Each structure stands twice: as C-alpha cells, then as structure tokens.
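Below are two complexes that have chain A in common, paired first with chain B and then with chain C.
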Partner chain A sequence: MLEELQTRNAFLQHVHPTLKLLSLFTVFFCMIFVYDIWRPLAVLLLTVAVVAFLGKVPLKLLLGLLLPFALFGFSFVWLQVVFPEERGSTVLFYVFHMPVALENIQTGVSLGLRAMVYASWSLLFVLTTSPVSLVMSLIQKWHMPPSIGYGMMAAYRFLPQLREELAVIRRARQIRGMGKKPKVREWKEMAVPLMAGAVRKAERTALAMESKGFDGSRQRTRYVQMNYKKMDVWFTAGFILFITVIFLLPMS
Partner chain B sequence: MIYADNVTIAYPFAEPSVESFSAEIRTGENVLLLGPSGSGKSTIALAIQGILPRSVEAEVSGILSIFGENPAVKSITEAAGQAALLFQDPDTQFCMPTVREELVFTLENLRVPAEEIEARMLEALQFTDMLRCIDARIDTLSGGMKQKIAVSCLAAVNPQIWILDEPLSQLDPVSREAVASLLGRIAADSDKTLVVIEHQLNEVMEWVDRAIVLNRQGQVSADGSPARIFNSHGDVLEAEGVWLPLPAEAGKNLLKKTETSKAALPITLRQWETFAADYPAATVLESLPQPKKASEPSLQPSVLEVKQAAFAYGTQTVFENVSFSLYPGEMTALVGANGVGKSTLARVLTGWEPPKNGYIYVNGQDIASLKPYEIAKTFGIVFQQPEHQFLTQTVEKEIRYGMEMEGWCEEDIIHKTNELLIQFQLGHIRRNHPFQLSQGEKRRLSVAVMVTNNQSILILDEPTFGLDKRNTDALFEVLEQCRRRGKAVLWLTHDMDLVYTKAARVLALAERTLAYDDGVEAFFNGNTDLEKIGVRPPVVQLMRPKEEKAGSYA
Partner chain C sequence: MPNKRLNLRDIVVISFISAVLGVLYLLWVLLGQMVTGIFGPVGGGLMAGFWILAPVVCAYIVQKPGAAMLAELIAAGTEVMAGSVSAGAVLVLGFTQGLAAEIIFALFFYRVFRLPVLMLAGMAGTFAAFLTQYVLYGFSQYAGSVVVFMLITMLISGALLAGWAGKSFTDALVKTGVLDRFALGRQYRLEQQRDTV
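Moving on, here comes the complex of A and B:
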C-alpha cells in the first residue's frame, strides 16, 4: 500500500528526495514565526491539495491520516481556552461561568493549525518518497556514508519481521504463563528474546552483506544516478514562490 | 587452490572450535564438510572466505591460503569476488527491498561498471529461472524463492569458490530439490569449487565428490570419497549424531544383517539400486526403516474436534471445510507445501485466531468459550523458536515454572522436575541459562516445559528444524513417551522421511482444505497425489525393491 503510493507515477514522486527533505525543514522553520490563523490555514489547504493532485494520493486517505492530528490540534484550542497564559479581553461567551475570549481561541487555533501543517508536510514527504530513493539520494548528494545508508535499508527490512516476532513471543509467553495477559513490567522481559533474535539477524545480515563485497566505502559504481532533473527545477521554483508569498511578503 | 595446514581457530574466551585442520582442495572439486554440531564447520566456512577474522573476531593460527594468499588480508571486495558464501536463513541474506535492488547492490559493491550491471543481473536471473521476479519485493517470496535469489546474487558475482553453509536446511522438500539441482549445475562446472555443509544429505550427494569429516574438536578424522567414508566411518558418524544419506544408512544395515562386506556404501538412489540388487528383495526390505502402523481406532472420546473450520486473512481464504479429530495416544504429522497454511491452522486450533467458520471443540467444549488459561491447560504448544517461550533464568526454574503456576506442592514439584530433567537429558545443565543451551538442548527444554502440566494435546511447529540426527532421535523418543502416556501429539513438518518413520497418521493441507487424513502407509503407497499436496515421497519409499513397490500399487 505505502510502497505503491511511494512509487506512483506522479510529479511529487519524481522530485528529488533531498529537495523534498529540504523543503520540509524550511516549512517547519518558517512556521515557528507564524501566529495568525490565515497563513497556517492557507499552507495546510495548499499542502493537502498538492499532495492529492501532484502526488496522486487519494484525498480520503490523506484526510483520514490527518484526522488524529486534527484531534491533537484541537487540544491546543481547548488548552488555550481553559488554561490561558493571559485571558483575552474580548469575551465571547461563558461556559459554566468560565469566560471564553476570542484572543485565546485565536492562539489555540493557530497552534493547532501549525501542528496540522507539520503533519501534512511530513505526509507529503513520507507518502511520496520511497526509502530506497531517499537513501540513494542521501548517499549520492549529501555524502551520507554508504555503511550508514545501506545499514538503514537493512534495518528497514527488519521492521515488519520484528513486529511479527513480537506477536509470536507474546503468544508463546501467554501460553507458558497459563493464559495470563502480559503486564507492562513483562514487556521489558519480552525485549530479551526479541533483542536476542534481532541481534542474531543483524549479525547474519552483516555477514551476508560483506560476503557480497560490501565494504561501506564510497568507492562503488552507481547503477541509478540520483541526479537533479527538470522536475526539480519546477518544484524548487514553485516552492520559493510559495515561501515568498506566504511567509516573506507579509513580513516586509 | 584452497590450502589449509594445521589451522586452529578460536573465538575469544573459548576453547578452539577448529583444531589443526589440514586439507587441500583443488579447483573443480565439490567437497562436503561433515561433522557433529559444534565441530566448527561454519567457522571453517567463514575462515575460507576471510570474513573470519576480518569481521568476526577470532584467533586463527596455521597456514590458510586461497589462490596462494591468506584470505584475511584481502580486501572485502577482492575476497567477495573470489569466494562467496550462501547461508541457511533465507530471511537474513538481503538488505534491499526488491530483487533488482539487491542484485544492483551486489554488483555495485564489486565496482562493476554501471553499463554492465543490467546484463549481468539478467544473466544471473536467467540462470536461476527467476527473471519473472526481478521487480518482486523479497519479503513476498517463499523461502525457496528467496534462496534462489540468494543464489542469483552469487551467480552475478560469479566467484570461483562457492561456500554453502546449509543452503537447504530451511526449505520445504520441493524447494530443496529445486535449489539443490541449481547448485548441482554450478558443481558441474569444472572451474567452480564448492564447499558445502549440510545436515540432510540426500539431495547434495548427487554432486558431491569428496567428503571431509570433522570430529567434535574440529579435527579432520577422515577425508576421501563419500562412499568409502560412509563405509569406514559410518558408525563413528552415527554415534556423533551425523545423518548419513539414507541409501548409505540402509546399505550399512543391509551389510550388518547379511554379514557381508563391500568396499563402498551407496550414496545416491541409483547406486543403491545396483547395491541392493545383490541381495534378496525380502532381506533388502527388512533392512529399510519401516513406516509406523496406523494406530487402532481409539475407543476414547476425542480430545480435539474440528468441524468445518475455515480461516481467511481479509478476503483471502487460507483454508475451509477442515474437519478432523485427534484422539489420545495418537502421533500425527501435519504436512503441506510452504505457505499452505499449516502454521495458521495450528494457530486456529489453539485458539490464537478465531476460525471464520466452523467449530473447534476441546474435550467437548467450544474453544471460543474457553478462557486463555483453560486453553493453556489443554494444549502444550512448542513454537518454532524455542527461545520465545523461555521465561526464567535457569533450566530448572524453567521446568518448575508451570507447576508453580498451577500451585503444586513443593514435594511434587521437586519430584516431577527431577524426573523431567532425566527424561529430557537436561540434568547436567540444570543451572544454565536457557539462552546458553545448544539448539538441540533448547528444543528439548521447550518440549519439557510444555509437558509439566498434564495437557492432553501437544502441538509442535517444525520441531526438528536445525537439529542433527542424534537430537532428532532424542526428541522423538520423548514425544513417543508422551504419546504412550495418552497425549495426542501433532507436529508440523516438511520432512517426509521423518513422517514416514515417526508418524502413525498424516494430515495434509493442500488447495485450501484438508486433502488427506489417514494412516501414514496409505499416504505414501502411491494412491495419494503427493504432487498436488506439494511434497515428495520419502527417499526410504523410493528405496524399496521394485517388486515390492509394484505389489503395493496393486
């Protein structure tokens, strides 16, 4: 499912992963200085539209993934209203004798939307970038050592295996423990067989990689060149325009 | 080209695992390394490649040279180009998600120019007949296919020396045959040298031309043609727990029985036929392992009754319409091809996953209505990885655990614990940590902890995985004892020779349902479509004299 999205033939999927990563950091940074409601809202709507249209991600799925963040965002509103640092003067109405001020609602909504923007940009990155192309780009363009890059790939392959193994360990222990559900304290004990298994797997994989000639050095040929292409120019241009309009112009 | 003189290898803080190993292997030879577990076979394999001591810490002394050079001082890339390793676990040999990416990774490592990569990749996949899977995700392939992809990677590298460390041990019979014949094609190349370690020898004997036998200390105790070595060292090997190829084992029995002697034992089926032709068919038949007789229909009520059970992951049906019962004192094997759903069925039987349709009754009660502890009281379940089930710090505590949970009095616990320690041959290591035990000991302990309370059903998932002959025999001895005491024993397996000699009844899953449920003799007598079930007839069966075989078909 995720892999299928990440390798879809759409604009965002073809954009160089390093650029997407850079844009992600830029947006995160710029958002720090924003306290109004309208700009985060505009960024959020724009991001959702871009992911849906230029990344061909089904809108329903995207909104579904954003829903938990929306609840999280709403908690900011609630916090600002109930425990404000400073209660605003424009009281709109009362809830159980508690004054609800416009200023506090505004701050809360702004913070909540900021969380949603972070979430939506992260989704833009995660849903349209395959791990392999990310790692290849980082190795080729950002000089990440291949030993770390390929190590991360190997670890990424282990994740589903570990999850499956944990389920088996839980069940095995439940059988031994006469059907008792494992308690929190026992999760710690379950980590022992899980880690023992993981270490052994990692050792085996390391041996297999070495026997295939992997020495972790940068001296290797490149079957796929992760070069910047025309698409990347368009993406960069669009992104600069977006940052200028939303964040830079209002400041001047 | 592989030259070892007085090589001794020791891991840090341990006794040497290989002691004064000497051998000379010439180009084009296909050599089998034989020896009990712990005799340092894998250690030698790693040392020939050079990974040990390059990346695996160990002290190596003596002279070891590959193409006239110490492999340890070669660069990783150079060593990989000359000698490649194939490991047993199909899951841990890859670091990339898809087949194409893995092959590219391998060729990039060796600095193959980018424009040559495509061609070499396609050639390697053509050789293994895996071209159609080039863009497949490795996770989605079966164990046998993964192993073929691992072979493809090595074929793309095209080294002169292939070191195979139990390449078949985790595969089902059909995949074993496919991978073995693939390796046989490499063995046939006179430029390629193969060094192979394998427990179950039936497939590899077709192309192995030399055997080197190691003893427990890792010293060479015999070196020469396999047929002669099995003849001269057969008894020693068996005493050390090494499997002989079945033709050799039966040949040895036959010689003993007829009090005759021959220079060499048969190691392949073809050799067996000529070998056995010199003896009367009835005598030959007697010297073969016999299948178990189907057990008498039990008069006792069933302990487990499965009625029209079905299971699906989402919309994908795993099995449906599965009905059978297990009775006390039955020894039953559950067989079927890889991925057919044997483990899933075991999960459903034991209440881990609810069936989508149908019912499962345990001692007359619907399993859906039972609480987890009531299920645990009825079933002993031994998982594939014994370590998953260990909860305590010592072997003894591990065995006591179940009884303590049930609130036995101390006197009974001590009595029963001692009895089990003796029965499972774990007495000498009662104070050791369960994780420190050998593979065979771990397996025995995992069964021992499951029979502490008086469960009526014992289910084991691939209990002989990775065990040598001695440990397998020891395990089945205790399972047989459990059976005699009235437990219903059910085990999942790929090993048809084991089924043939140890099980009385066979359940076979195929084409999403229970395809066979009857005695073991009828399963293998030629009237069952084994092809459809995805298993091969046991070698023992193929070894029966022709007339008798014809007779049983009639």
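Moving on, here comes the complex of A and C:
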C-alpha cells in the first residue's frame, strides 16, 4: 500500500527527493524558533492539505497516522503545565492545589503542535517518495558513495525475508522442545540466529556485487536518471513563498 | 597492520545489520511513544539507549573509522524507507547520534573496544539525542529539574541498552562464526587458539 502511494501520479510524487528532503530540514529548523500557537497550527493544516491534494493521499489515512502523534503531543502539554520553566500569572483553575496557568497551556500546546508539524512534514516526505528514487537521487545529486547506496538497497530488499527467517527459527526451537514462545529473557536465542543469517546473506551479497564487476566507482551507466524537472521549480517557488509568509514575515 | 578503510564487504554487512536494527528501531518507536505519552519524556528517556545499538554493534564488529556513523545513518535511512512517520527527526537524530558515538571511538584511536568504551559510546549517543531533542522539541520551556532528570535517564539507558546489551549481543553473535572475517571475529579466534594451546 505504501509503495502504491509513493508511485502515484501526483505532483508531490514527481518532485525530486533531494528537494523534499531539503524542505523537510528547513521546516524543522524554522520551527525551532516558534513558540506561539497559530503558526504551527497553520503549518500543520496547510501540510495536511498539501499532502492530501498534491500527493493524492487519502485524508483518512493521513489523520489516522497523525493520531498517535496527538497523544505524543499531549504529553508536552501536561508536562508544561506541571513542570514549566516559569509558571504563568493568568491562573485558570486549580488541580489538586496546583495552579494551571493560561501561558503554560499555550506553550504546551505550541510544543505539542510543533511535534505534529514535524510528523506531518515527515509524512509528506515518506508517503510520496519511493526508496529507490530516494537512494538514486542521493547517489546522483548529493554524492552518496555508490557502494553505500547500493548496499543500503540490497539490505532494504532483504528485510521482507526477516519475517520468514523468524518463523524458521521459531519452528526450529519448537522442534527441539524449547517451548512455543520464547520468553523476553531469552531474546538472544531469537536475535542471534536472525542476525547471523543477515550477516551471512550480506557477505554473499557483497561477493555477488564484486564478482559482477561492481567497484563502487561513479563512472557507470544508470537505468534511472534523477534529473531536476519543471515540477521542481514550482515546488521550490511554492516552498520559498510558504517559508517567507509563515516564518520570515512575522519576524520583521 | 590491517587495512583500516571500510571496504565493500564491510559496508554491505554494516548495511544489513543496521537495516535489521532499523526495523527494530521502528518497532521501538511505537513502544517509546506509548511510554512517552503516559509517563512523559522522562519515562521515554529510559528507552533512548536502544536507538544507539547500530553504531555500537557495528563499530565493535568492524573496528574501523566511520563504521559507527555509517551504521546509524543507514539505520535511520532504513526507518525512512520503511515509512517512519517521524522521518525528519529520525534523520537528524541518526546523524547526531552516529556522530557522537563515532567521536568516542575516534578518541580511543579505534583501538579500544572494551565494555567501558562501548558504554561511553552509548552514553555519547543518547547525550547527542538529548541535545537534538532539546533543540527540536523546545525542552528549554520546562523546569530545569525535569530536563536534568531526563538527561540522567537517557545516559543510563545509553550505557545499559546500547553499551552493555549491544556488547553482550555481539559477543553471542561472534560465537556463531559469521564474524570470523572481521576484526572482532579474528580476535575471538586468536583468544580461543591461545586457550587450547
């Protein structure tokens, strides 16, 4: 399902992964200086709208993924109310003789919303970028060494096998009469064979890569070319406008 | 003096180990978020060490410069590729945590990989995680005592979950023989030969 979303024919899916990554880091950096409620709220709503419309991601799925972050964000609120750096003066009500001040609730909500903004921008990136295009653009545009890029992709392709390997280890335990479910204390009995299998597979993969002439050099022809396109100009322009309006203008 | 640069085999093996750990990181995030949601960031601090396992385990196995940094970046990259809902934070944290662990190994010239050094690397990793989260999530707005308490729980977690558990796991892995062509495996075989002679 994730793969289907990442390769959908929508605007965000066609934007160059490096630009999306750069915009993600920019938003993170800009949010560090924000302590009011309205700007994170505006960014959050805007991001959700952009992902839903320009990325054609179902709104229901998006909100469902953000829901756990609401809980995570709420922890910022109560922590801010109970342990503030400085208790506010506008006391709203008392909980067990502890004053609850408006200022602290505001800061808490702002920090909670900030966590949700981070999550929404991460979703914008993750839901619209396929792993292959990400690694390919990092190799081609951001000078990631090809050996690391292809190594990562090989490892990523191996991951679906893990579940199968885990089932094999579990059955092997069972056949030796070691019980059906391993206890938490016996985690090593599952983890060690699992990792040993991964290391063996990795060595075989490295050998196969070398024997097929992979030397990690940049001089090689590529099937997938990750070049900047017209869409990327639009994305960059829109993003700069967004940053200016939300973060730069209120400062001056 | 063995070659101290990462070769293709090192890189691919680090990739596979870190990718597996990256998946576990992702599952740990769900657990961590539940703990953080209920007990607040202080309780969540005790979970933090788990995310430093990749640099500790990989640096301990390969014992070359760059292994720790690469391992944590790949683990973070795997989390993103597998669809982490906190991709941005994961990448920033992956960089700072890996860098911190790498610095500790560099301070010992990539020669000492005993338990205290691994625990120190784990603590450096969680310390970097603390600093990163302090900036990202605005910890400056909370009472100093809470923030200090959080830092302490994270440091303890780094020493135990990353340093101690990481070493204990890797030591068990060496005995299977799959690491015989790496620095750690060679040392283990040499020690065994010495014991039998």
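FYI, the second predicted complex is superposed on the first by the 236 of 252 C-alpha atoms of A that agree within 3 Å, B and C clash if a C-alpha of one lies under 4 Å from a C-alpha of the other, contacts with A are read in each partner's own complex, and residues count from 1 in each chain.
As a convention for this text, a residue touches a chain if its C-beta (ideal position, glycine included) is under 8 Å from a C-beta of that chain, and two chains touch if they have at least 3 such contacts.
A quick note: this is a predicted structure, and the numbers were derived from the prediction, not measured.
Asker: Go through the superposed model and pick first if A:56 touches only chain B, second if only chain C, both, or neither.
Answerer: Neither chain B nor chain C is touched by A:56.
Asker: Can A:223 be said to touch chain B (first), chain C (second), both, or neither?
Answerer: In the superposed model, A:223 contacts chain B only, not chain C.
Asker: Would you check which partner chain A:161 touches, where first means chain B only, second means chain C only, and both and neither mean what they say?
Answerer: A:161 sits against chain B, while chain C stays out of touch.
Asker: Would you check which partner chain A:119 touches, where first means chain B only, second means chain C only, and both and neither mean what they say?
Answerer: In the superposed model, A:119 contacts chain C only, not chain B.
Asker: Is A:173 touching anything from chain B or chain C once the two structures are fitted on A? First, second, both or neither.
Answerer: After superposition on chain A, A:173 lies in contact with chain B alone.
Asker: In the overlay, answer first, second, both or neither for which of chain B and chain C A:24 touches.
Answerer: Only chain C; A:24 stays clear of chain B.
Asker: Counting residues of chain A touched by each partner, does chain B or chain C come out ahead?
Answerer: Counting residues of chain A touched by each partner, the higher count goes to C.
Asker: Is A:205 touching the first partner chain B, the second partner chain C, both, or neither of them?
Answerer: Both partners, chain B and chain C.
Asker: Could you say whether A:131 touches chain B, chain C, both of them, or neither, answering first, second, both or neither?
Answerer: In the superposition, A:131 touches chain B and chain C alike.
Asker: Using the touch definition from the top, say if A:14 reaches chain B (first), chain C (second), both or neither.
Answerer: A:14 contacts neither chain B nor chain C.
Asker: On chain A, which stretch or stretches are contacted by chain B in one complex as well as by chain C in the other?
Answerer: Overlap of chain B and chain C footprints on chain A: residues 131, 151, 154, 156, 192-193, 196, 201, 205-207, 209-210, 214.
Asker: Where on chain A does chain C make contact in their complex?
Answerer: Residue positions touching the partner: 2, 21, 24-25, 27-28, 32, 35, 65-66, 68-69, 71-72, 74-76, 78-80, 83-85, 107, 110-111, 114-115, 118-119, 121-123, 125-127, 131, 134-135, 147-148, 151-152, 154-156, 158-159, 162, 188, 191-196, 198-203, 205-207, 209-210, 214, 216.
Asker: Give every residue of chain C touching chain A within the complex, in rising order.
Answerer: 8-9, 11-20, 23, 30, 33, 36-38, 40-41, 70, 74, 77-78, 80-92, 135-138, 140-146, 168-169, 172-173, 176, 178-179, 181
Asker: Please name which positions on chain B make contact with chain A in the complex.
Answerer: Touch residues, chain B against chain A: 46, 49, 51, 54-56, 75-77, 79-81, 84-85, 87, 89, 91-97, 101, 104-114, 117-118, 137-139, 150, 153, 157, 350, 352, 371-377, 379, 381, 383, 385, 387-391, 401-402, 405-406, 435, 449.
Asker: Which residues, counting only chain A, touch chain B once they are in their complex?
Answerer: That would be residues 3, 131-132, 150-151, 153-154, 156-157, 160-161, 165, 168-169, 171-181, 189, 192-193, 196-197, 201, 204-215, 219-225 of chain A.
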